[in-house]
Every structure is written in C-alpha cells, then in structure tokens.
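Submitted below is the structure of interest, expressed as structure tokens.
When the chains are written out, they are named A, B and C in that same order, and each has its own residue count from 1.
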Amino acid sequence: MSTTTAPPEAEGDGPGGGAPVRRVPAWRRGLRPYLLSVPAVLVIAGILYPFALGAYYAFLDYAAVVPEPVFVGLRNITGTLGDPVFWSSVRVTATYALAATAVETVLGVGIALLLFRAGLVGRLLERLLILPLMIAPVIAGVIWGLMFNPQFGVLNHMLGLGSTFDWLSEDRALWSVMLVDVWIFTPFVAVLVLAGLRSLPREPFEASDVDGAGWFYMFRRLMLPMMWPYILVAVIFRFMDSLKVFDHVYVLTAGGPGGATRTLQIGAFQNSITNLNFSLGSTYMLLLWVIVFITARYLVAVLGRAQRRAAGSED
Amino acid sequence: MSSLELRGLGARYGRKTALHGLDAEIADGEFFVVLGPSGAGKTTTLKCVAGLVEGATGAVLIGGRDMTGVEPYERNVAMAFESYALYPQKTVAENLASPLRSGRLGTWTPEQRGARIGEVTRTLGIDHLLGRYPRELSNGQRQRTALGRVLVRPADVYLLDEPLSHLDAKLRAAMRAELKQLSGMARTTTVYVTHDYQEALALGDRIGVLREGRLVQVGTPAQVWETPADAFVARSLGQPETNLLEARVHRGLATTHGGGATVALPEEAHGADGVLLGLRPRDLRIAGPSAPPDGAGRELTMRGRVVLVERLGRSRELSVDVAGRTVITVTDDPRVREGDDVTLAVAWGRVHVFAGPAGDGSPHPPRVGSALPVGGTR
Amino acid sequence: MTATRRPGRRRFSPASAGADLLLVLWFAFSLFPILWMVLLSLKSRADQTSTYFVFTPTPDNFATVLSEEGVRLTGVDFTGALLTSLVTSLGAVLLSLAIGVPAAYAAGRWAYRGSGDIMFTILSFRFAPELMVIVPLFVIYNQLGLFDSDAGTIWVLQLVTLPLIVWILRSYFQDMPEELEQAALLDGYTRTRAFLMVALPLVRPGIAASALLAFVFAWNNYVFPLILTGGQNPTVTVAVTRFLGGGGQAFYNLTAAAALIAALPPLLVALSIQRYLVRGLSFGAVKS
C-alpha cells in the first residue's frame, strides 16, 4: 500500500505561509443574521405602516364625504360598541367561527381515523381528500351558489325540496355558508390529524394490544393525548381563519339577507368600501384584531401545554 | 504543517460553560490525543480550533499565529466529524474531491485529484465505493469516507473526532495501526479525540485527559498511565478499571475501610483525613505456593476470598472480597475457583495514593505519590 | 408501504365495512360539487338550467370564456385575468423567495436576538384581518397610482406568500445538520459558497413545496384584488364572480367553465406536492 505520493504544494496564502490573514471581528459576525433579515424587515415595515395607519383611522372621522379627516379620539370605538349592528356582526362571527370549527374538527378527526384504518379504498380516496381545500374559497362559493339556486340548483332537485326552498334565506343563510366552509376546510383538519396519526410511536399501542385493551380505550387513553397537539394546530388555524371569514360568504350572500351573514370583515367591507366610511370600517377591524390577538395568545398557550404533555406521555 | 497552541480557550453554550480555559502546546507534527468521557468538551475543543464556535474566548495559535477572528475556511485545518457530515447529494469520490476543488489548497488537475483520492481510499479500504452515495454506505464506511476527506488534503492541522468509533473491533485495530503510519508519513499535526483509552495509548504522542471542560493531565502515554494526575485519570485508563479503595489516615498510615490493607503514606498525604488507594487490576498478582508473597515486606499483601470469576478469553477477571471491599484483579491461572481464599500482592510503588486537601470531598483527588512500605516508616 | 400493523388497523369485519361506507359518503359529499362544476361547464346554454345529468356535452364554453366572444357576451376579459393572476402570483412568490430565503436561513441557523420577534410579526400577517391593511392601502394606492396595478397586487400579496415561505423554510433549515455546512467551510469554501453548495440543495424540496403552495394561495386570494384592483387588472378569482352579475343575463355554464379553469392550476399543484403539503399547510408545525 503506497501512501507516499506527496500532494502538490499549496499555492494559496494559507496561514502556514507568510501572507497576512484576514480577520472578521466578532461584532461583524454577530451582524450576519441581521443583514440577511434586512429585506424581510423592510417588507414588514412596509406592511406594518398601512396596518398602523388603519388602526389610526379608527380614531379619526375619515370618510369620502368628509373633506378633511378630524381626530375624534375614542368616539368611533364607543359609538361602535354601542351599536346593535356591530354586536349583531359579532354574534354572527362568533357563531360562525365556533360552529364551523367544531364541526370541521369532529369531522376531520373522524375522517382521519377512518383513513388511517382504511384499506385500499381509503388509500385511493386519500389522494382526493384535499381537492376542495385547494380550490379558491371564492370559487367554492360560486359553485355552491349555483347548486343552492332554488329554481335550477341541483340540490333542491336531488333532495326533492321543490323550487321554493331557499338555502340562503334569512334564517338559513348562516348555516348554508357554514356548510360551504365545512366542505372546503374539513380536509385541512383531516390531513393534519392524519399526519399526526402516522407519526405516532407504535410501541404503546402494541403493548396495550397485547393487554387486550379495546379500540375505544386505546383511542381515548393513548391516541387522543398524543394527538392533541396536531388537533390543536388544526383548530387554531381554523378558528383564527373563521373569525375573519370573507371570500365565500361575500360571494354567496354579500352579508345578507338582512345582515344574517354579515361577519365582521364583511361589515368592515361594507363600511369602508361600499359606503367609503374608512373610519367606521377600520374601527370594526381594530376591534376584530383585538379579538383575534387575544384568541391567538390563549390558543397558542394551550397548544404549548398540550405539546409538553404529549412529549411527556411519549417518554 | 504547523504547531498548535491553545491559550485559555473557553466556550459557552447559553449558560453552560463547555470549556474552562484550556492551555496546551502541541508541537509541529505531533499526534495529540484528547481523551475524555462524553460531554467533557472534546468536540467543542476541536470546533474551537477550527473556528466553528461563535463566542469562543482565549486564543488558538496555528503555526504561532493568532487565529482569533479568522474564518474557518482560511485556517487551513481539516476535520473529520463524528456525525460524518458527508454531503448527502455527492458520491464518495465527490465528497473526497470537495476540499481539493475549493481552490484554497492549490490547483489540482483532475488526474492529480483522482490519484490522490485513489491512494487515500485504497489505504482506507473504500476504493470500491467511490461511486456510492453516503446513504448507501454502512456507518463504518461513512466514517472512513469522512476520515478520507481529511487525509486527502494537505492541512496545517488535522482534527479527528472519534474517527474509529463506528468501526467493528477488528477493523478498528487494523485502522489504528494504519492511522499511525498514515499520520507518520503525512507528518501533519493532529488532534485526535476519543473516549477509548486504548486508542489514546496506542496512537498518541501525548494524551490530554479532558474532564468537564478542563484538561486534567497532559503527558505521554507512559506518564499518563504510570502517574495519573488524579483518581479520574486513573480510572479513565485501563480495563477493568483501577480499583479505588477508601482509606483512613492515622499517623502517616492509611488503612482501608474494613482493615484489609495498610500502607505508609508519602509525606504530602499526611495531612489528609482520608485517601484513595489506586490499584490497577493487572498490577495485582495472586500469591500462591509457586509465587509466595515477598516475605521481606517489599510488597503490599491482602487476604481475601474469590467471589466471582469471569472468563475474558485467555485470562480471567476475579472479584475478590477483601475485608468487605471488592477488589478486581486479572489472572491467567486457570486453577482459581470461586470461593478460594487467596492472597493478593502488589509492589508498593504500584499503589497510587490520591489525596485531596484536608476536608476536601472532591470525587477526583489528585495523586500525591506511591505508597511506601509499612515497615519503612516505622 | 410495509405490511406491518399500525396502531388501530383492523382486519376485515362488519365494522371496517361500515367505516369504508362512511368514508365513501364523505367523499361523495366532497367530490360532488367538483363533479357538478365539470358537468355544468360542459352544458350548452340551452341545457344550463333545465337538465341535470343527461345532456349532450360540449367543450364550447371553455373556448367562449377564453375568447373575444366571451368578452362580448359577459364583459369579462378572462384571458387577461388569467395572465394577471399568473403575473401577480408568480411575482409575489419570487419576491417572497428573494426576501424569505435569507430571513428563514438566518432564523433557522442562528438564535439571534430579535429573530423571534421578526418571525412572529411575519406570522401575524397570516392571521391579521385583511381589511385592516386593505383600507389604508386603498387610500395609499389611489394616491400613488398603484391601484389596479400588478405591482400593487404583488406587494399586498406578500401578506399571503411571505409568512408561508419564511415559516416553512425556517423549519427546513432548522432540520438541516449544521455540521454539513461546517464541513464545507473547512473544505475551504466561503460561507456563501457553503450555503449554495450544501444548504440550498438540501432544502430544495422545501423551497419548491413552499413556493408552489404560496403560489396556490396567492392565486386563490380574493379579498385583496377585489378591493385593490378595478376594471384593468382583476385576477381570476375576481373575474369568475363577474360572470354571475353580467347585465341580467345568466351564463351559468360559462361561470362553471371559468371556475374550472381558475381551479385547475391549484388542483394540479396540490396533487404534485402532496407529500410536502401537510408541513406547508401547518406552516412547518406538523412534519410528515
């Protein structure tokens, strides 16, 4: 075995040579991540500026019909908080977010469990699971709008409801737009939970299988605690997004009839864009933002606890 | 080819201090082994030399030049990572070619590169794997590829992090011999990190024993073996581990708990309340009719009963109960059985005395010297 | 896939047949509207309101929607909208990649002071009510002349694409062993070259998946172009809704055809990146 061939001499100015070495001071090394983040920070600033401006509008009297914006302090906020129309929007939004999230979570977990246990049929169907999720919600709204149509819509025809049943009447509209939400977003919960199920460790289940534990017991005592973090991630995304729902609701009902589906974002849209009362719209958004912010803080804290507990139970 | 010097080298990860001011001078061409258990800071030491640790304090000098603030790619050091760190999207040949292609090590024609890679991979026994990807290799093959990526290139310092840990025992022995030769030929200053004392003793020109971020002892293999700086070093080297017997001190004599043995202490240990007596299992012999204990008191003798015999190939490891303490020894005598009463004998000079300052409960008291004959001090 | 048993898997039984039935029911509900859209898009104008399942299919609607005739009939320039959507979605994704890859790398590689703040501010864009930003932008864009422009849409779409790309890529960079790049540094490569040689190829799947997913969400976005574009530069999502409101005349078959065309790119993308989808949808929180 020959290992004697000498490598060619290095020609560079390595430290072994006599050339000066280049030094990078510690503070410049520490600066590197900041330099890499500069473009992102600029974009953040560019987005935070209108955001702050929007918050500021809530303290002005600013509308297309008002020639010069006037600072009015908390008057918009107190006015809005005393306005039954606003509270009707809050009620609609809360009902929508809670009900849609609950239904989607239950259905999504159920579908994930079924797909997890399923054989060949499930394997094939699984590929199609996310199709509704990938279609733009507004287009989903358009499709369902066509299907909901009392005269020629396919739903009334197939379900034998005749041509007088109105899916989008004042007392049904909210539930109908929720149905569309469930159609779009249940797969979101299902794919997340399914990924969680597949990442579960196998040993605890085999152990309890040997012990003769029933399926339900395994689900409740073993699977559910370990699944909580995944379910919670899905719930957080769904709930936060439902609070600011707009697209398919707007295209289906535009907030009507009679405010039955006037969620906070649709209310803000009507105030700001339809009526060009920027201050009133911004006040809606500021209040919604506060709700979103508080909810997010709470849910993320819950998620953190669940993740720690799941990690503990896996050990 | 350069000397390497560490001056007060320190490193922290968050609140945890990984290195507490290491000082070491490693001569040009020296093969320096850092020995220590996991978590002692071995890898961190190598990464500090390579310039990969942000916020390291103290200084690293390569060829006498302070490397503070010098980027890793301008230090001209090569490192084999314990995690291999092979580029997953490159073949073995491309992995090995990577340092030669960087342009910092002179210009290599493809032929020169191929010749050099061929040479190194033949030595490492991986020349048949050149076209494979890292994911298609066994751990041992990956480790040799990582080693190859170091050996293929000229460098001022080689840094090898447990480069043999994932090889099987037979291959490890062969590679150990091969490595010694390779480094001898390349004459490149090498810092070699391991937790295996046999590797350290076999390979090192000198050994530095690292414990909890501190260099406890630096010396030649013989020095470290024969005069371990403290009880920790004594226990780190040798298998079975050195016996450490607690002993009470009274008037310059140390008596083990249970009274199995009494030795006279060197002057330096007289002030201690208690000492540890270190006995290497292979220094102990079983005194029998054919080899009676030395009557003239030139040896320490202990009477005990064999409680356990374990075969280790040709030799046997014995657990001997000496007045309630277990003492491990190794013998080639096949006649010793469990339950036998035996006399253990060891030369006075082979009894290491470890003593902390009075009242110091340190788990690793320093060595103060060898035991003296009991009769000699009376 | 191996044949080893997963927790919860059962052999054939009436219960498992029932489970399969439930699944089939869900998928019937889930796929029916898509099927219906396809059927409607193939109907002639005469069939669009009367026949439900039996009719003579015709591909004419697609041609009509994409041609001058569609513009004349409905007043909607759908081809133009497709182009606008393509330009703005691509532009938004590319801009986000250019900004997001370095930021994600910095956040994934170093725990520097302030990185958490930057990351969470970016994430908050994902959850902020869109109109909070749109209303002032509506005013600003009108002043700057960005209203109804591609550049204006690309800028506002950063709210959609940037959080997605930065968060997904950060999780990929965090998963990448640091020692690979360190090895490259010691091989003599500068930090930039080490990044390009080692880090970038390893996160390429992540970049591709996050870019494609960001493209889908940019393409599917409705509320931004609804308010910040007008007659010149509507995107497909806005254009599709305009088929419904055209001067008292109902073109349901054309609407369905346009909706199908608009839904096609996201559907194709979704099927192509299914493996990476979960990680993307959860912003890197769920890895699979």
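Operating definition for what follows: a contact is a pair of C-beta atoms (placed from the backbone, for glycine too) under 8 Å apart; a residue touches a chain by one contact, two chains touch by 3 or more.
None of the values given here were measured: they were computed from a predicted structure.
Placing every chain at the mean of its C-alpha atoms, the farthest one from chain C is found to be B.
Among all pairs of chains, A-C has the largest number of C-beta pairs in contact. Chain geometry summary: the mean Cα position of chain B and that of chain C are 57 Å apart.
Rounded to a whole number, the gap between the C-alpha centres of chain A and chain C is 14 angstrom. Shared contact sites, meaning residues of chain C that touch two or more other chains, fall at 191. Shared contact sites, meaning residues of chain A that touch two or more other chains, fall at 30.
For chain B, residues touching at least two other chains, in rising order: 71, 75, 103-105, 153. Against chain B, in their complex, chain C makes its touches with residues 177, 179-180, 182-191, 193-194, 197-198, 201-202. Considering their complex, residues 47, 50, 52, 71-73, 75, 77-79, 81, 83, 85-89, 98-99, 102-105, 149, 153 of chain B touch chain C. Chain C meets chain A in the complex at residues 5-10, 16, 19-20, 22-24, 26-27, 29-31, 33-34, 36-37, 40, 48-50, 52, 98-100, 102-103, 105-107, 109-110, 112, 114-115, 118, 121-122, 125, 127-140, 155, 158-159, 162, 166, 191, 216, 219-223, 227, 237, 240-241, 244, 252, 255-256, 259, 262-263, 266-267, 269-271, 274, 277-278, 281-282, 285-288.
Residues 1-2, 54-55, 62-63, 65, 67-71, 74-76, 103-108, 112, 115-116, 119-120, 122-123, 153-154, 156, 181-182, 185-186 of chain B touch chain A in their complex. Against chain C, the residues of chain A that register as touching in their complex are 30, 32-34, 36-37, 39-41, 43-44, 46-48, 50-51, 53-55, 57, 107, 110-111, 113-119, 121-122, 125, 127-140, 142-147, 151-152, 154, 157-158, 183, 186-188, 191-192, 194-200, 202, 204-206, 209, 215, 218-219, 222-223, 230, 233-234, 237, 240-241, 243-244, 246-247, 251, 264-265, 268-269, 272-273, 278, 281-282, 284-286, 288-289, 292, 296.
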